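Below, chain A partners chain B and then partners chain C, in two separate complexes.
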Partner chain A sequence: MSDIDTTRPESGSELAHHQEQSLDRFENPGLPPHIHRAADDDPAAGKRAEKQVATLFGLSMLATLVFMVAYFAIPDESTFYLPGVGLSKTQNVVLGLSMGFALFFIGIGAVHWAKTLMSDEEIVEERHPQRSDDRSRAAAVATVLDGGANAQLGRRPLILYSLTGALGLFALPFVLQIAGSLGPVNAPEELKENIWDLKNNDGKPIRLMRDPEMTPIKLSDVTNGSVFHVMPETLQKNIDENHGVLEAKAKAAVILIRLEPDLIKVQKQKDWGVDGVVAYSKICTHVGCAVGLYEQTTHHLLCPCHQSTFDLPDDCNVIFGPAKRPLPQLKITVDDAGYLVAPQGFMEPVGPSFWERSR
Partner chain B sequence: MSTINDTRPAEALRDGDLGAEQERADVKPLGGIAGWLDDRTGGAKPTSHFLKKVFPDHWSFMLGEIAMYSMIICLLTGVFLTFWYVPSMTQVVYDGSYVPLQGITVSDAYRSTLNISFDIRGGLLIRQIHHWGALIFVVSVFVHMTRVFFTGAFRKPREINWVLGTLLSMLACIEGFAGYSLPDDLLSGTGIRAMNGFVQSIPVVGSYVSYFIFGGAFPGEAIIPRLYSVHVLLLPAVLVGVFTAHILFVVIHKHTQFPGPGRTNNNVVGYPLMPVYMAKAGGFFFIVFGIIALVSAVVSINPIWGYGPYDPSPITAGSQPDWYMGFADGALRLLPGFLEFQTFGFTWSMNIFPGSILLLPLMWGIIGVYPFVESWVTGDKREHHLLDRPRNAPTRAGIGVAGITAYTVLLFASGNDLMAIKLQLSINDLTQLFRLLFFVGPVIAFWLTKRICLSLQRADRQKVLHGRETGTIWRYPDGRFEEIHAPLSPFERWALVQHESPEPLRISAEADENGVASPLARVERVRAKLSHFYFSDRVAPPTPSELEAAHHHGDEVDESHLLTGQHEAIDTSETSDSSSTPRETIKADRKRLT
Partner chain C sequence: MKALAARRRHPAAIAVLILLGLLVTGGAYSFLAPKQAQATSVTADSVATGKKLFLANCASCHGLNAQGTASGPSLVGVGAASVDFQVGTGRMPLAGPAVQAPQNKVKFDEEQISALAAYVATLGPGPAVPDGEYTTPIVPGDEKAAGQSLTNSERIARGGEIFRVNCAMCHNFAGAGGALTRGKYAPALTGVTPTHIYEAMVTGPQSMPVFNDTNITPAGKQEVISYLDAIDNQTNVGGMTLGNLGPVSEGLFAWIFLLGLMIASAVWLGKKAA
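Let's look at the complex of A and B:
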């Protein structure tokens, strides 16, 4: 629509607008005649609208009053059965409904007022091109150039260059302070550490403990098809010191399952287990959720976050989903007292991939 | 181009206004507090100018208002929550009034959130209003964006505001993620756990970035306090700042309006801020707040006491993020594992990195640059203040729906486990289906949308040329039935005929006069191709001469009906070559269809 155009479709470009510059177009008929509402002409309708608006505002006040009373009257522990929702906290429902209605009726009242009583005659406001006119633009350019000349920027380039340098560099200390102080920097090494490593137990085999009871597990406890969530006994040190418990658990969580030994397809998997009892890291090799779902019929381990599926009898290889690597296996044996122990730590970093993982 | 009425009723209206105002100014001088303020600020002039500002009316303009109000509601309720929330991961023993968790070791953040829910009177209500408000905030931002997109409200001069809005929508999602992670419950903790995995997947620097963010090994004790300052200080400041600029631009540009009689590219037709929009928009704030409070009163959201405190070892089945992060989670579920590979011992987690870290800037980047791409393709550098009806920009509408389809496929993919359970389907089949749909769905959606838009345009044409169906059936003496069509009034007709329907750009000169190929030619060829893609299928708006022809034609049709029993021809262009404008594009289009 033409008259606001400051620039036409580029006429100088390689492309030409093949627009029908036809004059054969309908004309804008202008604003349609205004139709009066009931309250514009009929004083009774106006009075009625006034009463409706006042009633809505009154209902709002009433709801506020209910809120004030309910705040003190309803005991904290009171609950009731709300149809369609279930057992609900009385206080929450009553306070919420009264607050909601107090607000809602103000809004409805105001909108009703606007729609029935305030003028609905449409007003036309003109637009102007967003662009400044040529004189103002020229004046702006002149002001900037004059200012630059006044500051002798053009004549003394040394100042310009050194200022640019200083402004460019001054942010670095702030960046350095933030980046340098945010965290420790030995990330790749720490990511590979795990409290299953025997160095955390003076080189002795580490017992498998039930999570969260922290009691040792006998081989005979692990019946066919049963699943144990396991932590190393070295975690007890963290628990006692109340230090780094979750950080240790985030890498040490292990799942222990007994399979029929005949089902196991891989020799290493058999060798690292005891009579079909095998232990695998429970931390998904995708992004690190706990692989918590075990399907007993198919012997699949499923991660509930992104559905990576690991085939337990096939050394926990990925058979579906976004994970790439199998869950790392933890080698286990039985110690003299008959408890399950890990004679060596994990042979690879557990959990999600990272850049330096295989280095 | 169009011819807009030069006789604007506005002029006359405003003349009267001015006179009336001057009179009033004589009658009532500015005094009291307002006078005191004006003495010191000179605010009377801008205030009265602002109060007279005209806003056009349309239901879809409320979507942005809902976003604005729910953001304000979140700011208000958020302040309330900070009075009791403790952003600390120190492990403590829960001793509050929620019996099932008493004696359990939890983080201070989790304990304080439980206290807000159970021991602070009204605390649960405010928490739920905050969470519902946030959900509605993000929904309304997205729906507002689609409104702006499909109506072409992002065109010049509003491109900057589109980019600001794009930024706001991304920040809103990140703000939401930071917020729902704060209670440190098992569900949100699992989300942070996954986030750690995303960060670790960044090539070269992933491990370091993860250690920087978490202040050491996951989960550490730093992430909750850091997310807290991001959630209550950094992002709200940026959000409010960008939002203020967003609103300021609406004031500077004046609101767009839908085409209609009396509405032109050079005016705004609507109601003034004082008093109509004060009451309507102000009242609407209370309506939005009221409805969110009502929902929060009866519908429980994020019941963290049911999830338990965060612990890396246990997990709940069906772990989903809040809905606005669902698309990224869905992308992760769809990316196959074989994309991870190693070179020289370094691990490239291309099964994680593209769907998590890369997806967000990529998606919002594409959204943000769209206006610039479209204006380059169309070569249209004019200001646009009249909105497009979505059907009148079929290719844009198709692109928009294709994008929404891709997004929706990802969103649904993040619920593949729940769907598999509820619908008794195989999760593997569902995932494969979503993988396929992600690529095929947008193509089908684009084609369908474009066809629907073109059909709607044809229906508009038909309505203009042959009138609106009255529902009155006449029976003729010969037994023939016919529905009577009533001609449209000029007011009814205008919205259907006012739009432009550009034709594709054509290359006018591949080489200059000396036969040297223009260096621009290659770029321009791409542009011409894209322009062809945008505009080759087009339905031109009816013209007065076509209407004239149709009336004339209508008389003839009466005869032909008797002979052949055919219904009226849809397109006059096929039968009346006497029509003054060339209609070859329509014909080409129709040929391809058959």
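Let's look at the complex of A and C:
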């Protein structure tokens, strides 16, 4: 510590003296010569800067007044055309702009004031040693030890140990929350349930319905190249009871597409469809977004969230993106009235993977 | 002029110039951009004219009898609606080979387009150009149209629901358009005429699937069109939409403009006054 020279030469004579003593060291170049600003030397410039600052603050006041007047004067329903934005609410725009300008002018006024008028002379402040003197240090240690003795920690170890135990145990809930959420979920069955299951319709096949109209679909309605967004007939119960509609929809969404039967590569896919009409879960196997982007020309289904791409003629296998499993197919057939029905539910849980999923 | 010359070396001069340039080009574009042509219905005896136009302009790709070639699909059975959409929006004749036909300048006038459509319609049965009944946007209000259980405003809201289920995944909730795979895209729906929207739904141009009348009823299509018309004309209470593209355009705006503003402020703060 002691061999580091903490004093800095300020004047020329000291600098020369210093150089004689230690020629092997870099010299402290000191501060560059201070350049005065216009307002420091010229009283007229100072006066001008003062006026400028006052003008900026005045503009802020004006903007605040505009805000207060506009608050009462502009009717709530009035609109105007703002270039680049479109038809806008006059009150929103005027209140926002006036309040913004009121703050903005206070800000730039204050900065302009600081830059032109407040003193900008450079000041050097020496760094002091951080170590306290020995007396203060001894006193501090004594205070701590004294406090410990007063609290009788040494005499009553039971308190010391129980307090340590209590504090240590208190750390566990934080660990538990993280570790616990990695483990099994409380009700894995809920994730596997789907209102396409026939038990929701007394074991009878479930009709495919248009979303959002909830009307049944005839096989002949589905022409080549068309896409139907489908919900099960059983959703009507949730809609009527106004209970759990979105939760049911989130797992039941199905997309219905007609392909040329010759295009279909997988026999199971052909068997589970009717004349090339196939139904697939619309819930992405990656993180459960709705896979709705169907390209009629390439027969690709694209998920808008992370660009997972499913090849429809190849049983919706993943050909791009982060999804790891193909979309589950829903078996469909035609009932006596000619409407499309699902004679069985999904054979696997739809949507993203979870711990208790068997595969 | 002298004042201008003195200020041209000002640090803000470049920023001001760029801003001015952007404003001028943007403004000029919005004035000069081509406006959509409104297609009219087909007249019966224009088939011959249409065939002539077809042979002169389309046959090189679609074949002399519109049977299709390696460079263009068959037009048998695509219907008048398809021609009116593709030619009426300037997608055909094709501007150049690409994964998707971009929108170009409309090359034909209304009469020529309906003649072409009339000719293609004779090749095989296909969707016709819709008449005005279902392509007129519903005017919002509490009254009910004949045979409707919902009020006009409720029908527009239902159009929004149909749009969100069937169209929004590609065309964006506000009809701003979006990306598909391998350079293909769903175009923005702002400023598209109701007839062209209707025709796109019934014909399914390019990557778009077909939404026939058994999928979305004509009244449902009218409700979708009315919804798009309503969001096109609605008052913007939230300020600049930045294209309604969500976090991408908003983030880009924040990073470029707001961060730029902060850096400019920091530079100004650190500069010594004159």
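Heads up, the rule we're going with is that the second predicted complex is superposed on the first by the 273 of 359 C-alpha atoms of A that agree within 3 Å, B and C clash if a C-alpha of one lies under 4 Å from a C-alpha of the other, contacts with A are read in each partner's own complex, and residues count from 1 in each chain.
Going forward, a contact is a pair of C-beta atoms (placed from the backbone, for glycine too) under 8 Å apart; a residue touches a chain by one contact, two chains touch by 3 or more.
The structure presented is a predicted model; accordingly, all values stated were derived computationally and were not measured.
**Q** Would you check which partner chain A:150 touches, where first means chain B only, second means chain C only, and both and neither mean what they say?
**A** Touch status of A:150: no partner.
**Q** Just to be sure I read the superposition right, which of the two partners does A:113 touch: chain B = first, chain C = second, or both, or neither?
**A** After superposition on chain A, A:113 lies in contact with chain B alone.
**Q** Now for A:88: first (chain B), second (chain C), both, or neither, which partner does it touch?
**A** Touch status of A:88: both partners.
**Q** Between chain B and chain C, whom does A:267 touch in the aligned arrangement: first, second, both, or neither?
**A** In the superposition, A:267 contacts neither chain B nor chain C.
**Q** Among the partners chain B and chain C, which is in contact with a greater number of residues of chain A?
**A** Ranking chain B and chain C by residues of chain A touched puts B first.
**Q** Please work out whether A:295 is in contact with chain B alone, chain C alone, both, or neither, and reply first, second, both or neither.
**A** A:295 contacts chain C only, not chain B.
**Q** Once the structures are superposed on A, label A:218 by its partner contacts, choosing first (chain B), second (chain C), both or neither.
**A** After superposing on A, A:218 lies in contact with chain C but is clear of chain B.
**Q** With the two structures laid over each other on chain A, which partner does A:130 touch: chain B (first), chain C (second), both, or neither?
**A** After superposition on chain A, A:130 lies in contact with chain B alone.
**Q** Just to be sure I follow: which residues of chain A are touched by chain B in one complex and then by chain C in the other one?
**A** Residues 85, 88-89, 92-93, 96, 111, 115, 120, 211-212, 229, 290, 292-293, 304, 307, 309, 320, which sit in both footprints.
**Q** Would you tell me which residues of chain C are touching chain A in their complex?
**A** These residues of chain C touch chain A: 26-27, 158, 161-162, 165-166, 169-170, 178, 180-181, 184, 186, 204, 206-212, 214-215, 220, 233-237, 239-241, 268-269, 271-274.
**Q** Inside the complex, what are the residues of chain A that reach chain C?
**A** 35, 37-39, 79, 83-89, 92-93, 96, 111, 115-116, 120, 210-213, 217-218, 220-229, 257, 290, 292-298, 300, 302, 304, 307, 309, 320
**Q** Quick check: in the complex, which residue numbers of chain A touch chain B?
**A** 1-10, 13-32, 71, 76-77, 82, 85, 88-89, 91-97, 99-111, 113-115, 118-120, 122-127, 129-130, 179, 182-185, 187-188, 190-191, 211-212, 229, 231, 242, 244-247, 249-251, 253, 282-283, 286-290, 292-293, 304-309, 318, 320-325, 351-359
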